[in-house]
Amino acid sequence: MTKITAVKTIRTRAAGMWAIVKVLTDQPGLYGIGSASDVRHPETVIKAVETIAPMLIGRDAGRIEDIWQVLYTSGYWRNGPVLNTALGGIDMALWDIKGKEAGMPVYALLGGPCRAAVPAYAHAGGRDLDELEDSVRGYMEEGYEVIRCQLGAYGGGGFRDPVSVSRPVNAWPQLRVFDDEAYLEAIPAMFARLRERLGFGVKFTHDVHEHLRPQVAVQLAKRLEPYRLFFVEDILPPEQVGWFRVIREQCTTPQAIGELFVHPLEYVPLITERLIDFLRLRVSKAGGITPARKAAVLAEWFGVNTAWQEGADNDPVNQMAAVHLDMASTSFGIQEENDFREEERAAFPGHAVLKGGYLYPNEKPGLGIDIDENAAAALLDPEKVKRSYLRGEPDRRADGSPVRP
Amino acid sequence: MTKITAVKTIRTRAAGMWAIVKVLTDQPGLYGIGSASDVRHPETVIKAVETIAPMLIGRDAGRIEDIWQVLYTSGYWRNGPVLNTALGGIDMALWDIKGKEAGMPVYALLGGPCRAAVPAYAHAGGRDLDELEDSVRGYMEEGYEVIRCQLGAYGGGGFRDPVSVSRPVNAWPQLRVFDDEAYLEAIPAMFARLRERLGFGVKFTHDVHEHLRPQVAVQLAKRLEPYRLFFVEDILPPEQVGWFRVIREQCTTPQAIGELFVHPLEYVPLITERLIDFLRLRVSKAGGITPARKAAVLAEWFGVNTAWQEGADNDPVNQMAAVHLDMASTSFGIQEENDFREEERAAFPGHAVLKGGYLYPNEKPGLGIDIDENAAAALLDPEKVKRSYLRGEPDRRADGSPVRP
Amino acid sequence: MTKITAVKTIRTRAAGMWAIVKVLTDQPGLYGIGSASDVRHPETVIKAVETIAPMLIGRDAGRIEDIWQVLYTSGYWRNGPVLNTALGGIDMALWDIKGKEAGMPVYALLGGPCRAAVPAYAHAGGRDLDELEDSVRGYMEEGYEVIRCQLGAYGGGGFRDPVSVSRPVNAWPQLRVFDDEAYLEAIPAMFARLRERLGFGVKFTHDVHEHLRPQVAVQLAKRLEPYRLFFVEDILPPEQVGWFRVIREQCTTPQAIGELFVHPLEYVPLITERLIDFLRLRVSKAGGITPARKAAVLAEWFGVNTAWQEGADNDPVNQMAAVHLDMASTSFGIQEENDFREEERAAFPGHAVLKGGYLYPNEKPGLGIDIDENAAAALLDPEKVKRSYLRGEPDRRADGSPVRP
Amino acid sequence: MTKITAVKTIRTRAAGMWAIVKVLTDQPGLYGIGSASDVRHPETVIKAVETIAPMLIGRDAGRIEDIWQVLYTSGYWRNGPVLNTALGGIDMALWDIKGKEAGMPVYALLGGPCRAAVPAYAHAGGRDLDELEDSVRGYMEEGYEVIRCQLGAYGGGGFRDPVSVSRPVNAWPQLRVFDDEAYLEAIPAMFARLRERLGFGVKFTHDVHEHLRPQVAVQLAKRLEPYRLFFVEDILPPEQVGWFRVIREQCTTPQAIGELFVHPLEYVPLITERLIDFLRLRVSKAGGITPARKAAVLAEWFGVNTAWQEGADNDPVNQMAAVHLDMASTSFGIQEENDFREEERAAFPGHAVLKGGYLYPNEKPGLGIDIDENAAAALLDPEKVKRSYLRGEPDRRADGSPVRP
């Protein structure tokens, strides 16, 4: 029996929003790492890990399923972004340990590789259609087959100048307003142009970032149908997933959702009622490899595919956990890419390698990724660490009311 | 405890169809006002208020929820336009009193403002497409973003010359007939023209006034889809709301309904089954701020938006109640406008102000609107008060049978 | 063509709560009568009739269907107790006229009698079980086969002494409190006793008067199952009819509801989804013979039976309208009885006759009932007419909150 | 405009698990308090409040709805016990401020009192049936009408000696095991005995603490039916609420659930599909008064009642928030009690008063409760503050596998 002896959390990246859980054991040199990063509430999640940690000391590191179940209800209330992420980081570290003890990569423990590498989709974007087209072409040349296309950042395509309202909007100056109908006009036009220029050989996705009123989301899904997206993502907020049924009755645009999900009731009915096509949980926010693997299995029974969330704020350890799941899951569909700076990669030896539109794990035991704690510490910028990374003011509509998310 | 000492009703506007309930209290100068107007049955509603009034005397004006529940069943039978409106006028007056006692606008009591002002939609119309286009352009220049487009009055677009029928139809000479299929041809053509001339930047709605057979309503909704309305309104009568499911299966045209609703069973299932997009109750006809707020909350849980009814026959007090709800409700979508003559406004100091497509409440305690009883009395025209304002003959089809509504 | 020349309303009974609509025509001596009584809002309904009346003058009295449709939407808003009752009174009077012109009873026009007489159910009650048993035995001896059994008045069986609450309850002294669980104990015990003493040969009903929380209503229905009621009545308020599905899954206790219904959406789904067994509309509150006949037809298609509401506040004209429907309807199930004082009967020559548990119409043309206006006027007691007949304070639970209805 | 100037959190109770949020403003002496207590993760929630706090500075304290919406998505991921509780504490404090500014209790702002006081249910328990009966009788004498009956603590009734298993279970010695079928035998027997001794006049509830496999839960609900509980509580864990439909098809035992709910998708469908009878959210865990009020409204539309959670670890401020909602909500059903030590009460001047089975708020503006920071600090026991309060080992079945929760 391998006993857990300590649990610690290492913050890194400039703003310290990456939190890597390290679970140490009584076996010399044997430890595991996991991702408990949260770009908005890094310290809250770390505090949760610290609160849970004593409960791990002395336990058999190999009893992952039991530990997961015990920790899951250890706070009485469960789920939610904070506790799930803390649990997720611990769970990944336990799988890392188990792989090391077995002398096998985690994907081998999960049933062995059922693909040679992990196809990823790229994030193309541009402030206008020309820039976007250049961006898409760039990724096509790199070998990507699936490319996410956005007009600028969150809500891009839906912004316009504010109509003058004679009193200040919510006391904060408003530089631009989000307009659902402008978005409904802009995004189909964007895809019309891309299809015209690039044909139907390349696969596209689009991320709505939940900006739309439900009825406009339904319209958008239908208007996008002629452009045959690989999927549209986050067309509804988690609170309004009941509207997927309305979308389903209207069109065949494939639906992907999940990066905001932190509770099984958000995704289990969507899968079992076949209301979505791609499940996009973030592995850490779902609570780790243990529940993500079970979600992948559920998806397989119902013909739904996975597309684990990655993207800007995610760290190389969570990415690696996703890649291991991807390698061994029959229900795998596509993997979101993530890109890091050179010095960030250097702090995570063994990280997944992105090449020609594919992600490659290595064949080392465990997750195959480590953290160089000195390099990680050197990344921190004390000034940035102090800042708040809450979302700040949301986008707002012309009358000043907030747009979700 | 603030005791209610008297309830009176003040009629105004030329025809006396505006009925303002005034609830007086034992606190010096403290009273509240509410709207119990009914353009067709003004005296019936006033009689209901008079019947109910004695039950209010001596009660604590602050116990709004209890009073609402007690009055709601006080006639044993409940709901319906007459009793709901009487109750609605009383309820608004109680909220007005509560706001005055709190020294806060009603919207502050309801949770505080969550927008800067209330966007309203305008009523454009014309006897032909040119006139309509001019009308729309006028409202666009005023700053409106959402504009209702009608060809003439009720049923406009659906009229044609009568086919000769060899015996008199219902004993009334029939100058024109309503034809469902003519409407189905005319209205999409109207929007085709408007979109061609004005593009997709302006938002349009259309009001069907429930003139169509259900199967034609379904067709119209689908035929309007390419013109991307902000919503189509009253495409079905309240008796036939079951057909919304058929519409939903066919197209994405957003659906708004509610101005005729006077019973919760008309709207609760439409909201919870996500069959409509905008709930258009008239605050007074729903029974006041108390139930309208509850309906707005229900709508919020299901991603449906509010668009409280206003329009020609409504009074400035009901409008003000709607505006207070709009200011504080997350589920708010859009507000129908209403316009009054200068001397009508003068009788209601503190009325909402319509400017640049937005309605503005003020920051006075309570509803912030008062009635100048002398000015209100001066508006009355005794000749007009005597007239009946029932709807008279309905539009009829070629065979003489009546069109709903 | 028989032209309508005048519409008037005659109030009678001591408190003036019976309102009989009289429609006069241009044919000598030809008129019809109908019931527009409302025990709580008599003057409000009369005002509605007066408002509508001018719209009738000059119309062909024989065009009942057309008039009904035109009047139904003449106030724009429709349904509800006030407008439906006004319309119901007018509609009955038109059927009375039509029968007189045909020289036939109304039931003959409706298809002819399909039964010899109309079985009615009696209202037994008592302050305790002994008194109740005596009352039931009395009705059995009179020949009734179906008997409604109540412990005292509204909510009887559910009252107990108030628990002391240290502050006044809603400012009104509270003499007794309603307790759902006490009712759930008392009423099954009542039927256990009645079945033990009287066997299963006599048929029982019970009226809950909507006093229960929905979950207690479900329990009551199930607990009553062993006593095999003919039906239980108003176990839910109109706002909560969705709970009939839960009741249906739990037990076979037959469900009757409808006396409070004033909107088709209250009853159409209950019939078409087979969630109730007896439809208990009041003919006048449904809007007259025209819509009640259509509801009876709908019920026939779905195997639901009618049991038109009668009872204390109803008048002989509404009763007669119900009896005509009963005589000619295949979906007829049972008729609630009503009993009048001798002098009240005298004011309505031709009234239905109750004998041996059966109601008998006569064979005179039309409804077969008339009003003796002098006798009717003599019944009025000016003091009582002035009083309010609203329901006053509702029954309240121990914490002072009101019980519906 | 009242500006927020600071947000702080005060820990108290011996173990420091009560966390009271204090929102200060720029108005002299004006502040509000709210509850952000979490017995398991006190420091995690406090860290979340601290992370969110800067976003509040400078905002208008009266814009509660806008602030709630903005904060709700400020962490991008939302819901869950940690973020909801942080938000809940802030929201209560804002309502406290609004009430103080209005000079009214919060229940007055919410529509005014619709009951005289708040009936509460007591927690009876005993290690055996005799002790339990004594405990129940004690509460009956105090005036309680509804009493929760438990055999010992969590899972009481379901424990038995461990069957010998040849290897150690989870490395922790196991003194007793939980057995679903033993529970299924013991609890109905417990109620059989209580009903035999105490009759059906007293109302009982029982809390299953989610210990059962779903199919056993269904059986238990059915076996409890003859004892007519007021409700059974937490018969299923939040992950398995889909089984309520199976329970509903089998029996009428009323179902209460919600204290573990931290996401709207856990309760909205249970309410709208009428699968539960009592909604037992904890106000702070739901996210404060703002969403709890909206949940109470949703429940009202569907005939479901509220029974906000209280109990051992909850603090007097959350209790007071629940009591304000109770006073003003038509959908209120019953309130769980909570009891505090004398010195704990002293630290919260104005706390709700429990007397004769009823909870009483006061009539002071705002929530009417304050925190005496010195007294609160004096309650802290530094040794206890350091301890972990996670749930530790769960109950386990004979084979060593954990029982939820």
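Chains here go by letter, A, B, C and D, matching the order in which they are written, and residues are numbered from 1 within each.
As a working rule, a residue touches a chain if its C-beta (ideal position, glycine included) is under 8 Å from a C-beta of that chain, and two chains touch if they have at least 3 such contacts.
A quick note: this is a predicted structure, and the numbers were derived from the prediction, not measured.
A.B. asks: What chains, if any, are shared contacts of subunit C and subunit D?
C.D. replies: Per touch definition, common to subunit C and subunit D: B.
A.B. asks: Can you list every chain in contact with both subunit A and subunit B?
C.D. replies: For subunit A paired with subunit B, the chains in contact with each are D, in label order.
A.B. asks: For subunit B, which other chain has the most distant CA centre?
C.D. replies: The chain lying farthest from subunit B is A.
A.B. asks: Between subunit B and subunit D, what's the gap in Å when you average each chain's C-alpha atoms?
C.D. replies: So the centre of subunit B lies 41 Å away from the centre of subunit D.
A.B. asks: With chain centres taken as the means of their Cα atoms, state the distance from subunit B to subunit C in Å.
C.D. replies: Computed value for the inter-centroid distance: 33 Å.
A.B. asks: Centroid of subunit A to centroid of subunit C, CA atoms only: how many Å?
C.D. replies: Comparing mean C-alpha positions, subunit C is 62 Å from subunit A.
A.B. asks: Got the subunit C residues that touch at least 2 other chains?
C.D. replies: 170, 239, 401-402
A.B. asks: Touch graph across the chains, line, ring, star, complete or other?
C.D. replies: Shape of the chain contacts: other, as it matches none of the listed patterns.
A.B. asks: What are the touching chain pairs in this one?
C.D. replies: Every pair of chains meeting the touch criterion: A-B, A-D, B-C, B-D, C-D.
A.B. asks: Over in the complex, which subunit C residues touch subunit B? Could you list them?
C.D. replies: Of all residues in subunit C, those touching subunit B are 1, 38-41, 43-44, 47-48, 50-52, 54-55, 58-60, 63, 66, 69-70, 73-84, 170-171, 238-239, 241, 260, 262-266, 285, 388, 390-394, 401-402, 404-405.
A.B. asks: Which of the residues in subunit D come into contact with subunit C in the complex?
C.D. replies: These residues of subunit D touch subunit C: 114-119, 143, 145, 200-201, 203, 228, 230, 248-249, 251-252, 254, 274, 277, 302-305, 330, 332-333, 355-358, 360.
A.B. asks: Within their complex, state which residues of subunit C touch subunit D.
C.D. replies: Residue positions touching the partner: 163-170, 181-182, 184-185, 213-216, 218-219, 222, 236, 239-240, 242-243, 245-246, 249-250, 398-402.
A.B. asks: Can you check the complex and tell me which residues of subunit D touch subunit B?
C.D. replies: 60, 62-69, 98, 101-104, 108-115, 264, 268, 272, 290, 293-294, 297-298, 300-301, 328-330
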